[in-house]
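In the two complexes below, chain A is the common chain; its partner is chain B in one and chain C in the other.
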Partner chain A sequence: MNAVLCVAGKEFKTYFKTPVAYVFLVVFLALNGWAFFFLGNFFEQRAATLRDMFGFLPWSFLFVVPAVCMKMWAEERKIGTFETLLTMPLSEAQIVLGKFFAAFGLIAVALALTFPLPVIVGMTSAASVDFGPIVGGYIGALFLGAAYVAICLFASAITESQIVAFILGAFLAFALALIGSQSVAGIFPSAIGEFLQLLSLQTHFMNIERGVVDSRDVIYYLSVLTFFLMLNVAAVKRR
Partner chain B sequence: MTSTPKQRRLQFAVSIVLVTANLFLLNWLCLGNYTRADLTRDGVYTLNDATRKLLNGLDDLVTAKVYLSEKQFLENAGWSLLPRQVKDKIEEFVAQSNGKLQVEYRDPSDDKDIEREAQQAGIQQIPLGSSDSSSMTVFQPFCGVTLQYGGKEEVIPVAEPPRLEYDLAMAITKLTRTETVTIGFNVVNQLPEGLPPEMLAQMRDQFPRDMHDIDGDYRSLVTELRRQFAVEKVPLTAAVPEHVNLLVVANTKGLNDVHKFHLDQYIMRGGKVIFLTEGVEPPQGQMPVPTARDASNDEFFKHYGFGVKKNLVFDIQAATDRYGRRIFYIPEIQPRYFDPDSALVANLGRFVVMFASGIELMPPPGVEPIVLCRTSPGAWEQTGFFDITLENVLEQRKAMKADDLKQFDVVGMLKGRFTSYFANRPLPNDLTGVSTGPTASDLGLTPEDLEGDDEGDDMGDEDGDAVEEPADGAAPAQPTEPAKTDEPAQDPAQKPEQKPASDDPSKKSDGIRERDVPGGGIADALQDPAPAPAPAREGATPSPDPNAPAAPEGSGTQQAVFVVKDSPETTLVVIGSSLMLSNNLIESGMGNYEFFASLVERMTTGGELSEIRNKLIDVPAVRADYTTGQKNAFKYVGMLGVPAIVLVIGIMVYVVSKAKSGRAS
Partner chain C sequence: MIRVSRLRKTFGSTVAVNDISFEVKEGEVVGLLGPNGAGKSTTMRMLTTFLDPDAGEIEIAGYDALDQPIEARRRIGYLPESAPLYEELGVLESLHYTAKIRGLDAATRNRRVDEMVEACGLGSVTHKFIGQLSKGYRQRVGLAQSIVHDPAFLILDEPTTGLDPNQIKEIRALITKLGAKKTIILSTHIMQEVQAVCSRALIINKGTIVADGRPDQLVTQSSTKGCRFSLTVRGAVRERATAAFSKADGVRSVVVEGEVGDLLHLTAVGANDGVADELFRTAVREQWVLRELRLERASLEDVFTQLTIGATGNAGTKKENDA
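Up next, the complex of A and B:
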C-alpha cells in the first residue's frame, strides 16, 4: 500500500508542478458554475438545490477527466520513462493503482473546490436546506469520477498518443454514460434495453445524486473500477 | 519452472475473463438483494413497505408511459421542479421493481403525435397559471401515466407528486389483481321483480326514497362502479355471500331483525360496511318537508359505535342552483375539512351531501373512531321541525349567532374488533334454515365437536381466539382474524314443551353454546340427521331459547344457527346522507362519484396501501427578494471566484518554478 501511495503522491505532485492541474481545475470549476447558475437557471427556477450541477457532472467530466488522464501512460511511453518505471521494485498493479489514486485525488480536489455552490444554496434558501441530497450528490460524484478515471487511464495505457488517449477515453466514458439513456436503450427490445441501462454510468449516478445510496449502484461502480483497472494492468503487462 | 511470456499472457487473459464473469455475477445477484440509504431529511424517497412489497411481488413486466410536458413545465416559472418530482418518484418505483417496471417518458410539448396519443390514452391537459414579475401566462401541460400489464391498462390522468406513490401503487394493484372485488348493495325494499316497466317507473316516482334498487336510484353509481367491480344486490334476507368484499348499506329504512342479523354476521365475519343514513326522512311524494326518522335502528347503530342525529344540516358552503343561489341543505364538503392523516380520504376531492344529518361516533372498547369529513364551520342545524324553503332558511341563518354555527361530522370511520349485536339478544324468529356461511361439515366439525364442553375445546385458546385457519378456503369476505361464535342448536321436538328459563335475553338457551370456529368462516346452519341432546353449558338454561330459530316442521332434522360473537379487525364507514349516491348527485359532477368510488377502492383494494402517506419531494425555494445586482454578484463570485484564485496560484507556482529553474541553469 505504501508503494501505491508513494506512486500516487509523486504523480499528484507532478500535476501541480505543471499547468495541467490548474487548467483542469479552472475549466472544471467554471464549467460547473456556469451549469449551476446559467444552464440550471438557479435564480429563475428558485429551487435551492445542487441537482443541476450534479446532473451536469457526467458531461463536464467527459471533457476534463480524459484531459487529466491522457498523459498518465502515454507520456511515460513518449518520453521513454515507461520501461524505467517498470524496472522499479513495484508490481504493475501497484503502479496502476498509484496513478489511479493520483488522478482520483485531483478529481476529489476539484469537487471539494465547488464548496461555494452549496454555501450559496444555503445562504439564498428561504427555508433550511436538506443537505442529505447534497452529501449524496458528492458521494455519487466521487464514484462517477473514479469510474471515469479508471476508464481514461486504461485508454491512456493502450496508446502512445495523448490525443488518441483523450479521444478514446472520452468516447468510452461517453458510450458507457449514453447507453442507459432512453434514446439508446429504447431502440432495443425491453430486455436488452434494461441490460444496457444496468451497464450505464449515468443510470447509476442518477440514484445517488438525488440522495439515495443504493448498494447496487455502489457495487456497479466498484465493478467498473475493478474491470478497467484490471484491463489497465493487462495493457501495461502486455507492453 | 518459469512460464513463457505467451503462457503468462494466456493466464492473465483467463483471469480477466474470470474476474469479469464474477463481476457480472455479483451485480446480477445484487439486483435482488440490496439496501438503500435515503439521505434526505424526511426520507422522501423511501417508499412505503406496502409499495415495496407490491413491487417486489411483481411476477411480470409492467410498462409505464409517462406523458410529461417537461419543456412546458421548465419554461414556466414556479413549475420547473414538477417534472423532477414526478420522475424521482417514478424512478424509485423502477429501482424497487427489480426490472419489472419499465418506464418510457414522452414529452408532448412539441410533438402533436405524442399529444394526440396522450389524449387518446386518457391523460388530461392541466390548465396551470404561471406568473413572473411582469406577466401572467396560462399553459396546459400533460402530466399523467398509463400502466400496462398483461393486456390490461390503468391510467393516472393527472400525476400529482405528493400522491403519486399511492396512485401508482393503486394502479399496479388493480392491474395485477387476479380476483374480482365484489361490492354488495343492500336492497331492502327493492322493487318487486317481474313488474312491467311502467309500473316500476310509477313506483319509483311515488316512493323515490323508499324503493331502493341498484338499477333504479343507484343506477348511475352502479353503472360506473361496474367498470371496476362486480356489483350485486344483497337483500339481507339471507347471509351476505362470502365473496362480497364490501357492503354498501344505503337503505336503512325498513331494516328488520333478520336484515340486521345478516348484516351483523357479515361484520362479525370481518366484512367491511359503508352505512349511508340520515336522521331525517327526506321529502317525497305527499310529504314535501323532511321529517324526523324513527328510532328503530338507533340501538343497532349505537352497538357498533355510531349514531345519526335527528337533525338536518345546512351549510353556508353549499351547492348552488342554476341561478347561482346556494342550496343550503346540500352542503359541499371540502377537502380542507377532511382528516389529512387518513389514507381513506386523503387527497380526495370535494363532494356534496343532501338532507344530511350529523353523525356521532361512540366507539365500543377496542374500536378506534376517526372523523373523516366535516362540514364547514359555517354550518347549522334544524331539529324537530324542518323547513327548507330558501326564504325561511335565509331568515334562520340571519338570526344565527356565531355560537350557533359549527362544524358537523358527516363521514366517520370505526376501525377495530366489534362484538355481535346478537351476542346478548334473542335471535330473530324467522332465521330457520338460513345459512350465513359454510356448514359445520365444511369446516370439518363433527357433531361431537359441536357438543364439546367449554373446557375441552380443542380448537381455540382460552380467550376465545381460534387457533387454526379453515383448510377449505371458507374464509369470510375480509378475514384476518378468527372469530368467536355462538352455536344455537335446538331440538324442534322439544321446543313446544320447553319454556325459557329466564326472561333475561342475555341468557342463552342450552342450544346456544359458545364455540370457537377457525378462521372466522363461520357456519350458522348445521344439518345433523341424528342430533344428540345438547348438553347445558355453564350459566345457560337447559332449554332452548324460544326466540331462537326453529326448524321447519316435519323436517325431521335439526336446524342450528351459529352466531359469530366477535369480529376480526374490520372497518365501518358512516356517511350521514344516503342521497349523496342518488342519480342526480352522482351525475351532477360535484365529485360524489369520485369520492365514493375512491372510498370503495381504498376500502377494498390493498388494505396495506392505506398506510401510504403522501410525501412531497420538496425543495426549499430561493429567496425572491434579491436584486439583479445581488443575483449577479452571487453568480459571478460563485462561478469565477474559486477558479480565479486557482488561476492566480497556478501562475504564481509557474513563475516561481521558472525563476527556480532559471537560477539553477
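Up next, the complex of A and C:
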C-alpha cells in the first residue's frame, strides 16, 4: 500500500508541476459551468437540480479524462523510465494502482471544485431542494470518472505516443458511453439493445444520478474498473 | 553472486541472446563487450528482470530472478542506456522518490540521498530540475538513483555513451570508486573503458559469449597464436632479407611491408617474444643495420575485432564450429 501511495503521490504532484492540472481544471470547470447554466437553461428555469450538469458529465469527461491519463504510461515508454520503474521492487499491479489513484484524485478534485453549483441551486431555487439526486449525482460522477480513468490509463499503456493514447482512450470511452444511448441501442432488436444499455457507462450513470444508488450499477462500475485495470497490468507485463 | 545459465531470448525470428551462461562473483567489475545488436542490452534487461527470458535461469544473490523478481530487484541497481529520468522533477526530489519507492524509511532516505549527492558530486545542482541538467550530470543523477538503496549489484548499460571525454573520465572514476564496494556489470563497446575499469571482460557476439577473462589475459591468449614483430633494417635486399629472417629460429613468416629509400620494413611472426633475439642476431650476421625492432602488442581492440568479425583470427567462427 505504501508503494501504491508513493507512486500515486509522485504522479499527482507531477500534474501540478506542468500546466496539465491547471488546464484540465479550468477547461473542465468551464464545460461543467456551461452545462449547468446554459444547457440547463438555469436562468429561466431556476430548477432545483443539477440534472443537466450531471447529464453532460459523460461527454465532458470524454475530452478531459483522456488528456489527464494520456501521458501516464506513454511518456514512460517514450523517455525510457518505463524500464527503471518496472525494475523497482514493486509489482505491476501496485504501479498501475498508483497511477490510477493519481489520475482519479485529480478528477475528484475537479468534481469537488464544482461545489459552488449546488450552493447556487440551494440559494436560488424557489422550490425546496432534494439533495438526494445531488449527492447521488456526485457519487455516480466519481464512479463514472474512475471508469473513464481506468479505460484511458489502459489506452496509454499500449502505446508510446500520447496522441494515440488520447484518441484511443477517448474512443473507447465514447463507444462505451454511446452504446447505451437511444440512437445506437435503438437501432438493434430490443434484446440486443437492452444488452448494450447494460454495458453502457452512461446508462448506469443516469441510474445513480436519479438519486438511486443501486448495487447493480455499483457492481457494473467496479467491474469495468477491474477489467480495464487488469488489462492495464497485462499490457505492462507484456512490456 | 550472479549466476546465469543457458539464457535465451528471441524477438520474433531474431535470436537476441542464444544460450548464454556465466557467473559473476562478488566484487567483480565485469565489462560486457560487443558490437551493437550483439545482445548486451537484452542480457542486462533479463538480469534486471525487466524482460523474461524464453529459456534459462538467473540467480541473483541466491534468489531465482524469475520466481522472486521483487527480491532480485531489491539487490540490484540498474541504470538503463541514456539514463532515463523524469525531467519535471528536481534533482533531490528525484533521488528521494527513488529512495521512497525502494522502501527506505525517512531517516535512511535522508542519509542516503545526502551520501549520494556527496558521492556523485551533485552538490552544485541540487536546486535544479532534471530537465535543466547537462548529459554528464544526468548520468550522475541516474547513477546516484541506481545505488541509493545500496544494492550489492549494479548493472549499467553503456554508462558513458554520449558523454564528452571529460565527462567520460568522471563517470569512469565514479564507477571505479563504487566498484570497490559493489559487484558491477557494465556494457560498452569502448575497449579502453573495459581496460580502464573492468576486472573481467565478457565478449558477446550475435547472442553468444565468444570470450571471457581478464582484459590482459584475453590479449595474451589471442597472442599465443604468435608474436608479431615490426622490423626496419637498412642495407638489405628484399629477397635476401625475407629468406634470412625466415630461417631464424622460431620465425613462422616474414612479410615485406614496404621500402623507403634503403630502409626496408618487415613484419615477422614468431612463436614467442624470444624470437626478437634471433631476429637481432640475423641482422648482425648479415651486417644490416637494425633501425627498429618492436614487439607489437595485440590490444583488446584487436581481440575484439578478431572475435566479433573473425576476419583474421576466426576465433569467433571457430567456436561456432566447435558447437
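In this section, the second predicted complex is superposed on the first by the 238 of 239 C-alpha atoms of A that agree within 3 Å, B and C clash if a C-alpha of one lies under 4 Å from a C-alpha of the other, contacts with A are read in each partner's own complex, and residues count from 1 in each chain.
Quick note on the criterion: a contact is a pair of C-beta atoms (placed from the backbone, for glycine too) under 8 Å apart; a residue touches a chain by one contact, two chains touch by 3 or more.
Owing to the predicted nature of the structure, the values given are computational and were not obtained by experimental measurement.
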*Touch check for A:K17: first (chain B), second (chain C), both, or neither?*
both
_Per the contact definition in the header, classify A:T87: touching chain B only (first), chain C only (second), both, or neither._
second
*State whether A:M53 touches chain B only (first), chain C only (second), both chains, or neither.*
neither
*Look at A:G211 in the shared chain and tell me whether it touches chain B only, chain C only, both, or neither; answer first, second, both or neither.*
first
*For A:L176, is the partner it touches chain B (first), chain C (second), both, or none of the two (neither)?*
neither
*asked:* Taking the superposition on A as described, I'd like to know which of chain B and chain C A:C6 touches: first, second, both or neither.
replied: second
*Spot which of chain B and chain C makes contact with more residues of chain A, would you?*
B
*In the superposed arrangement, what residues of chain A touch both chain B and chain C?*
17
_Under the definition above, what is the set of chain C residues touching chain A in their complex?_
45, 48-51, 70-71, 73-74, 76, 78, 80-82, 84-89, 97-98, 100-103, 145
*chain A - residues contacting chain C, complex*: 2-3, 6-7, 10, 14, 17-18, 79-84, 86-91, 239
*Any idea which chain A residues touch chain B in the complex?*
16-17, 19, 21-23, 25-26, 29-30, 33-34, 36-38, 41-49, 51, 113-117, 120, 124-130, 132-133, 135-136, 182, 186, 190, 193-194, 198, 206-207, 210-216, 219-220, 223, 226-227, 230-231, 234, 237-238
*Note which residues of chain B are touching chain A in the complex, please.*
8-9, 12-13, 16, 19-20, 23, 26-27, 30-31, 34-42, 45, 61, 63, 77-78, 80-81, 84, 88, 91-92, 95, 99, 102, 104-105, 619-624, 626, 631, 634-635, 637-643, 646-647, 649-651, 653-654, 657
